[in-house]
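There are two complexes below, and they share chain A, which is joined by chain B in the first and by chain C in the second.
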Partner chain A sequence: MKNEKLLEIKDLYAQYNTDEDIVYAVNDLSLSLDRGRTLGLVGETGAGKTTTCLSILRLLPERIGEISKGEIIFDGMDILSLSEDEMRKIRGKDIAMIFQDPLSSLNPVYTIGMQIGEVLKYHGIYKDDQAIENRVEEMLDLVGLPKERKNDYPHQFSGGMKQRVVIAMALACEPKLLLADEPTTALDVTIQAQVLKLMNELKERLQTAMILVTHDLGIVAEICDDVAVMYAGSIIEKGRIEDIFEGQVHHPYTVGLFASIPNLKVKTRRLSPIDGLMPDPADLPKGCTFNPRCPHRMEVCKTEEPPCVMIGEEHMVKCHLFASKEGGRP
Partner chain B sequence: MKDLIYTEGLKKYFKTPAGLLHAVDDINLRIPAGQTLGVVGESGCGKSTLGRTMIRLIDSTEGKVFFDGEDINTFDKKQLKHFRKNAQMIFQDPYSSINPRMSVSQIIAEPMKVCKTEANKKARDDKVKEIMNTVGLALRFYNAYPHELDGGRRQRIGVARALALDPRFVVCDEPVSALDVSIQAQILNLLMDLQETNNLSYMFITHDLSVVKHISHSIMVMYLGECIEQADTDELYENPLHPYTRALLSAIPIPELRREKRAEVIRGEVKSPVNPAPGCRFAPRCPHAKPECVGEKINEVQITPTHKVACVLYY
Partner chain C sequence: MTKFIIKRLLMLIPVLLGISFILFSIMNLTPGDAATLLLGDSSKPEAVEMLREELGLNGGFFERYFNYIGNILLRGDFGISYRTKNPVFTEVFTRFHYTLRLAFAAIAISSILGVLLGILSAIKQYTAPDNIITAITLGLTSMPDFWLGLMLIILFAVKLRILPISGATSWKHFILPGFTAAANYLANTIRMSRSSMLEVSRMDYIRTARAKGVPEKDVIFKHTFKNALMPIVTLVGVNMGWQLGGTIIIEQIFGIPGIGSLMIQSIRLKDVPVVIGCVMFVALLSSLINLATDIIYMYIDPRLRAQFAKVKKKAVTAND
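This part shows the complex of A and B:
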């Protein structure tokens, strides 16, 4: 089972066709995920993290969203060639997703028991109502909620408890892959710590592979095995967690990202943010997409797309700085 | 140093069908001119209500707030309007706190219009441009509408609007929590620069202990409406005393590998602030809870002149 590829994305391009522009949300993204591993997908708003997840589930908004190129192989199946009916059988069963806002991802007019049961009923894993009922109670127990509360409505729960309900829903069918889109962003720190602990435990117990989308490098350090840093729709650095947090060589954007985080241990008052803003995905800069903000910009960066350079066995940096040995280091 | 704003036994209770909700309970704090007080706590601990009560966006139930030596709760309409020029607020959500049907320039000019601080439209327009410059909004956005801007720029509008009247005191209610880290750092630096040039006092409300460390001179930790610990920033991080403060600090995910296993995650959730029983409100979640924690009001213990904590462990 170990080291077996569960998900492989090859050269994925996804775009949104709006009336005025074409928004290039994901550009030439490749990644792979082994069974039971957790990949942290890090980046700022608009980096294409959520679009990547929605592409895997083929849930891009109809008519507007489009996967223009690339391949997504999940468990040996080519996701992009499946019919909508076949896809529906995968969603929630083999691939589940936890959305950012637990408030808006639950239906306010159904009890949480019904909502957790719905996915089980739909996929027909359990034949009779009693079995479903039992499974719902089991799931509530798993995420640390009292069974008696299955007949309560979402508004009767706090934010942290709602997120536990959402996690229970996502895990009810024991998916092979869990996509967690900023699962703790809406929660308080102490509750976030509880939910992270829960996710870590469940991950070990159920051996679910997970893609964790987040902008918080602290969460990545706590929960992930591999990390991919996204910028303007592409992965600009990826590697094992040790490569990203302790490696000596990094993409300038990764360096900037770490410098922007307020650090508890350092005494400086001023932070050193990355200058400027994310580029408009409808109008991406030529060459390296990070070049207008990059402190190490060279002439070649303005015209040519940087190559993916392997720094270590699994550590990849997409930057001209490392293209040749003479390129120097940042 | 002279305190620009200070409170005495400030309370704000809300009547709810379930009983009296103690949103802010007996808060004593002081903010000197040119300094920042960070107010930290989880959602529902009353930190936003405290911020609003400080500038009388809502009336307090009991207690006093002194601004420049005068109790703001005694102000009549005219005095209050004058006070508003001095005390402004930056709101948490840059998406819902600005009017989508007004252009950037209109939004920033609105407070000056209301308070008639500038003589005519020309003077107002000049001032709008000047402020846009100060907060780093390009002038090409002068006639833009909020939906055309991203979160960071919108929050800059919020900052610009608060600064339009040259206030001396600004309540910042989670001004960066809706923003990305790199943008968050830009806004924090901007706020610190403005403080230096304009000698502003801030009350900086946040749930993020790593953010508040950078901007604050002193910090107050709130739990269910009460101040449970207050100290100078460095002191609080080096020597946190209250079990809740310690729990909060250890709950922050740190972007580093292989540090010692996370200290025990505190269990349970914040209890209801409606009709709280006397005693320590953190006791139900506290790993050090003792019988004497419940029943009587917990008094603040002064550890050093600038460090106080409300916990029986330090009696």
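This part shows the complex of A and C:
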């Protein structure tokens, strides 16, 4: 597989305009993803991970959500300048999304067979109904559900099985990019492992690129090729999986994130959390957004936004600590 | 499913018996005597006594009640109107079709228009069409039906002379009363459809549908509408029950000899068999409408269907 860029996001800003105030959910986010690779997007709840995925699909809540600045280039197309109808043709066919909660992401009044078949029908890949039926059965088989169950309704399935249906639905058109928004969070651990294994297998078989949103670093270590750490709407560190898990130099937030994972080998009485809370996205601190919680805070952090510093070939850290060594933005 | 329907139909028997007993007691407790009312105050006591004997008003309360029920159960005889001496059955049926026509007009107008405007209002939330529809809704609920009826008569029958003032001889006679009766239901249906559509449109599965590339038209009419239908069906069912019960005021204004005016007349003259006949008939219809509503629920929502369907097939489970 050639290392060709499939998705490139440049300086993306997304915000929610609520009645009370403006919530800055995504701020100056840039990332790129090659075909067939998997990017892990990690960060706390509210870091803007889901908003980033919804922005790629242009599915931010109507009237409230808004992409205020930036560019999203997918497969050579400028997503943000497409018409609504052109965008609709991409959704489900070229870019598919698996949502966080499988329990509520299936329509309760239609059979799962109809819901999987619908994707195929609207994208006109399969012409006649029989071909669609066959493909639905094939997809169910692929995710390990018996095909006799295609005429059953969502309430007749367990949580793990529903998530398999959602995955079958997302992969039915063999999308180039799969956005998986915490696909396993709502599932219990044993099912989690099964679903991840399934996604990994399918990804390899179909050569789909994937953005995996999660706050579980274990999952990231297992399936991702690249990792981006998000904090308060922007990526503060990104790199290959080795860079993040084994590299020596890290953003203070990433250090905190890893330190907060309980270590089974060392006996400790307490967990070590990062002090403080994620800033209110409607009222972000000046300078570096992490500065109020940062153990290495300097004067400059309070006033100036930190530059993106390249530590290795692909390892980027957005922090003032390393700016002096590298001399700012590369 | 069949079992459920039979069960519900059997449950109607105690309901109707209860209603008949309560009505019989109430009519018995209210002052006034049917024979005196029929003959007039100045009639001779002997004549009144004779009529009482003839109408069977002289027995004790329970004796009369059980006679009444016995006649219904054994002979299907609902008694004879004190006033016209016709069988109650004929009395009710000769009047009922007027009420039925009026109800049909009102429900058709309110449901079809209500659902369409409600959906439009929901899709265009917080924009001009939504605001206009909301204003209309407010107007419709605030106008009392007797006032609206009279205004419509003045406008369409007196000034424009395109529709008849009153009576019930052609379909044209049902347009104004139909609209008058529909006004309130229409407002309710619009509000209900709007809020139900908005509620469903915020669900995760609607976002899933969009993410799949389903065109907006199908997101609204297929994915959202079918889920939003439950409360709308409930409301239409309730409205229909009310409407079939006879809208006394509207029937009076437009001179429609429906079941509502029959009931009022009969209550005034203490024509007990007709009153009870009417009410039992309306109660029966309302119960049947409720049953129909429940059956429609099951058609819409597979989760409800599952509760009543027999577990006929062993569920095929995945290795989950």
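One rule holds in what follows: the second predicted complex is superposed on the first by the 324 of 330 C-alpha atoms of A that agree within 3 Å, B and C clash if a C-alpha of one lies under 4 Å from a C-alpha of the other, contacts with A are read in each partner's own complex, and residues count from 1 in each chain.
Here, contacts are C-beta pairs under 8 Å (C-beta built on N, C-alpha and C of every residue); 3 or more make two chains touch, one makes a residue touch a chain.
Keep in mind that what you see is a predicted model, and the values were worked out from it rather than measured.
In the superposition on chain A, A:191 contacts both chain B and chain C.
Applying the stated contact rule after C-alpha superposition, one finds that A:205 touches neither chain B nor chain C. Residue contacts after overlaying the shared chain place A:93 against chain C, while chain B stays out of touching range. By the touch criterion stated above, A:158 is placed in contact with chain B and with chain C alike. When the two structures are aligned on the shared chain, A:222 is found in touch with chain B, with no touch to chain C. Touch criterion met: A:246 reaches chain B, while chain C stays clear of it.
Residue overlap on chain A between its contacts with chain B in one complex and with chain C in the other: 158, 160-161, 191. Against chain A, the residues of chain B that register as touching in their complex are 42-43, 150-153, 180-186, 188-189, 192, 207-211, 213-215, 234, 237, 247-257, 262, 265-267, 269-270. The touching residues of chain A, when paired with chain B in their complex, are 44-46, 158-161, 188-194, 196-197, 215-222, 241-242, 245-246, 256-258, 260-264, 267-274, 277-278.
The residues of chain A lying in touch with chain C in their complex are 57, 59, 63, 84, 88-93, 96-97, 99, 101, 104-111, 118-119, 122-123, 144-146, 148-149, 153, 155-156, 158, 160-161, 164, 166, 169, 191. For chain C in complex with chain A, the residues that touch the partner chain are 126, 203-205, 207-216, 218, 223, 226-227, 300-303, 306, 315-316, 318-320.
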